[in-house]
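Before anything else, here is the set of structures, which you'll find just below.
Shared chain: chain A. Partners: chain B in the first complex, chain C in the second.
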Partner chain A sequence: MKDLAQLIYFLELEVHHRSNGIFLKQQKYIQDLIKLASLAETTSVDTPIEVNVKYRKDEGDLLPDPTLYQRLVGSLIYLTTTRPDISYVVHQVSQFMSSSRHLHFAAVRRIIRYLKGSSTRGLFFPKASSLQLMACSDAD
Partner chain B sequence: MFLGDALISWKCKKQDRVSKSSTKAEYRSMPAACAEVVWLRSLLDQLGFCQPTSTPLHADNTSAIQIAADPVFHEHTKHIEVDCHYIREALTTNFISLLYISIDLQVVDIFTKAMTRECHQFLVGKLLLVDLPASI
Partner chain C sequence: MEHDCWKKAMQEELQALQENHTWDIVSCPPTVKPIGSKWVFSIELQSDGSLDRYKARPVALGNRQEYGIDYEETFAPVAKMTTIRTILAIAASQSWPLHQMDVNNAFLHGDLKEEIYMKLPSGMLPSSSFDVHKLRHSLYGLKQAPRAWFEKFRTTLLKFSFTQSQYDYSLFFHKSTASIVLLLVYMDDLIITGTDHE
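And then the complex of A and B:
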């Protein structure tokens, strides 16, 4: 086995080693995603989803070609590796992969606009942190 | 699930069965979290970081905590499937301890509902989801 030195970039994951911990982000992946969705010219938003909106399977018109929707959602699912803040919304939109409608696509666009404003964000693992495990669970 | 301050594992899942009450929904979400805890504990153990104390599992529903803590067969819990009571076993063997957490501080809210900007940003910070600090 060969030592390839410190991990910096692996499967679209950018790894930053700092004296106080490790930082993981997918900034480049987000930028590629924005390009794929052709949303480079839009403004960003502060939250990934609107409050009090419920998405249904049979509301609005079907997308003529759902391929882009499916590609975007697939990419978003991978992006949840470093962005737990979008896991709820991505989970919502991924429920409409087989019957994607314009309303759902609007939701996906909103997620990407949210990412646009926060593409440098990532997960930080502090070195000094304790090794005590802690868990939370909730249902809604 | 946090290891110290760092977020190491999370899951957002659509309920696979119908729940008659919110308590039941909460109670059902606990064994899933509990299974992950049990696995992580044994993994950490193998890596040489034994967890000497029980792992706190935070939930924001006191009735669900009571159902788990009290092994009495309640009239209103008899319809809950047996596999859900797995949590009781984990409790008695001291793998986990159940703690109540107020709804305002429940970090996992970010995985279950849409939120206002303030709430969202507060929880994003809690998850240690930050911008890379340039100084360090």
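And then the complex of A and C:
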């Protein structure tokens, strides 16, 4: 065993202790993801997906090597830990892990450009929040 | 000069393994074919990128282990992300202190149910070619290493009258009349919180 210390970094989650609560983010993880996708030089976008698009399994050309696609989407799935706002889009692109096409890869790049402009966001757990369950929802 | 760094790293690691009584050196039973092992070398850097230390670890060639002979079950649980968030939310709302801890060489602490004989790469130890290392504790590379470690951790906590959650097997808690301690484990990383301030 070693060093009992205040929790600040756990499984790539950055834990910030504030007077009004705990803030959880994955800013470093996002920055590494931007580098992995070679998108350091691009601009950011305000939304993670185009309006009214539907991605298909068989549209466009297959990626010659889907490895990078799979790594990026795998990382995006882990990012949903602190970023529920990308849950929907990540679910969309995660459907094409085995037949990844250029159009799907463009969608992944867009998600990452969205993250680029919002990398400081995360989850805030307010001190003042009661532990009372207020509402519960399921997909249907 | 580099060579000496690596030699020293290997000697230090062997000494640590001997202190841990990881293995006994025995002559190999005739019916047993010992599994192989390799040294894995790495250079550890500090957070500012400067050299921390040269590290050498012997790893068992788990890819040569046979199911039913050298190992049985291999599953080991890890904490669910939902549990991590829930614990943070509770700690925030109750103003509990949050701590983290990591376990050094976690996999070396596991106890082995199976009898495993291993050959170390030659050159480092003065031993006859008939001698093998009979493992007493788990070692990096073994298929069952994560599971053996988790089981060791679990039974130790139960001895300290912790309860294992049935909703997330990585969560343990200890309740007394006025206090509660929550402990969440992800292999060798721990989150600890609760009402006790010690």
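Here is the rule we use: the second predicted complex is superposed on the first by the 132 of 140 C-alpha atoms of A that agree within 3 Å, B and C clash if a C-alpha of one lies under 4 Å from a C-alpha of the other, contacts with A are read in each partner's own complex, and residues count from 1 in each chain.
Going forward, contacts are C-beta pairs under 8 Å (C-beta built on N, C-alpha and C of every residue); 3 or more make two chains touch, one makes a residue touch a chain.
Just so it is clear, the model here is predicted, and its values are computed rather than measured.
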- prompt: If chain A is used to align the two complexes, do chain B and chain C fit next to each other or clash?
  reply: fit
Task: Have a look at where A:Arg121 lands relative to chain B and chain C in the superposition and call it first, second, both or neither.
output: first
Field: Which partner reaches more residues of chain A (counting touched residues only), chain B or chain C
entry: B
Message: Once chain A of both complexes is superposed, is A:Arg83 in touch with chain B (first), chain C (second), both, or neither?
response: first
Task: Scan A:Leu4 for contacts with chain B and chain C and give back first, second, both or neither.
output: second
Task: Please work out whether A:Ser129 is in contact with chain B alone, chain C alone, both, or neither, and reply first, second, both or neither.
output: both
Vertex chain A; arms to chain B and chain C (CA centroids, nearest 10 degrees): 100
Query: Just chain B (first), just chain C (second), both, or neither: which does A:Val51 touch?
result: first
Message: Output check: A:Leu13 vs chain B and chain C. Expected answer is one of first, second, both, neither. What do you get?
response: second
- prompt: If you take every C-alpha pair with one atom in chain B and one in chain C, what is the shortest distance in Å after superposing?
  reply: 6
Field: Doubly contacted chain A residues - partners chain C and chain B
entry: 21, 123, 125-126, 129-131
Query: Where on chain A is chain B touching in the complex?
result: 16, 18-21, 23, 25, 46-53, 83-85, 87-89, 91, 95, 118, 120-126, 129-140
- line: In the complex, the residues of chain C that touch chain A are 81, 84-85, 88-93, 95, 97-104, 186, 189, 191-193
Statement: chain A contacts chain C in the complex at 1-11, 13, 15, 17, 21-22, 24, 81, 123, 125-131
- prompt: Can you name the residues of chain B that touch chain A in the complex?
  reply: 1-8, 10, 12-15, 19, 22, 25-26, 28-30, 32-34, 36-37, 40-41, 44, 49, 51, 53, 55-60, 96, 101, 106-117, 120-121, 123-124, 127-133, 136
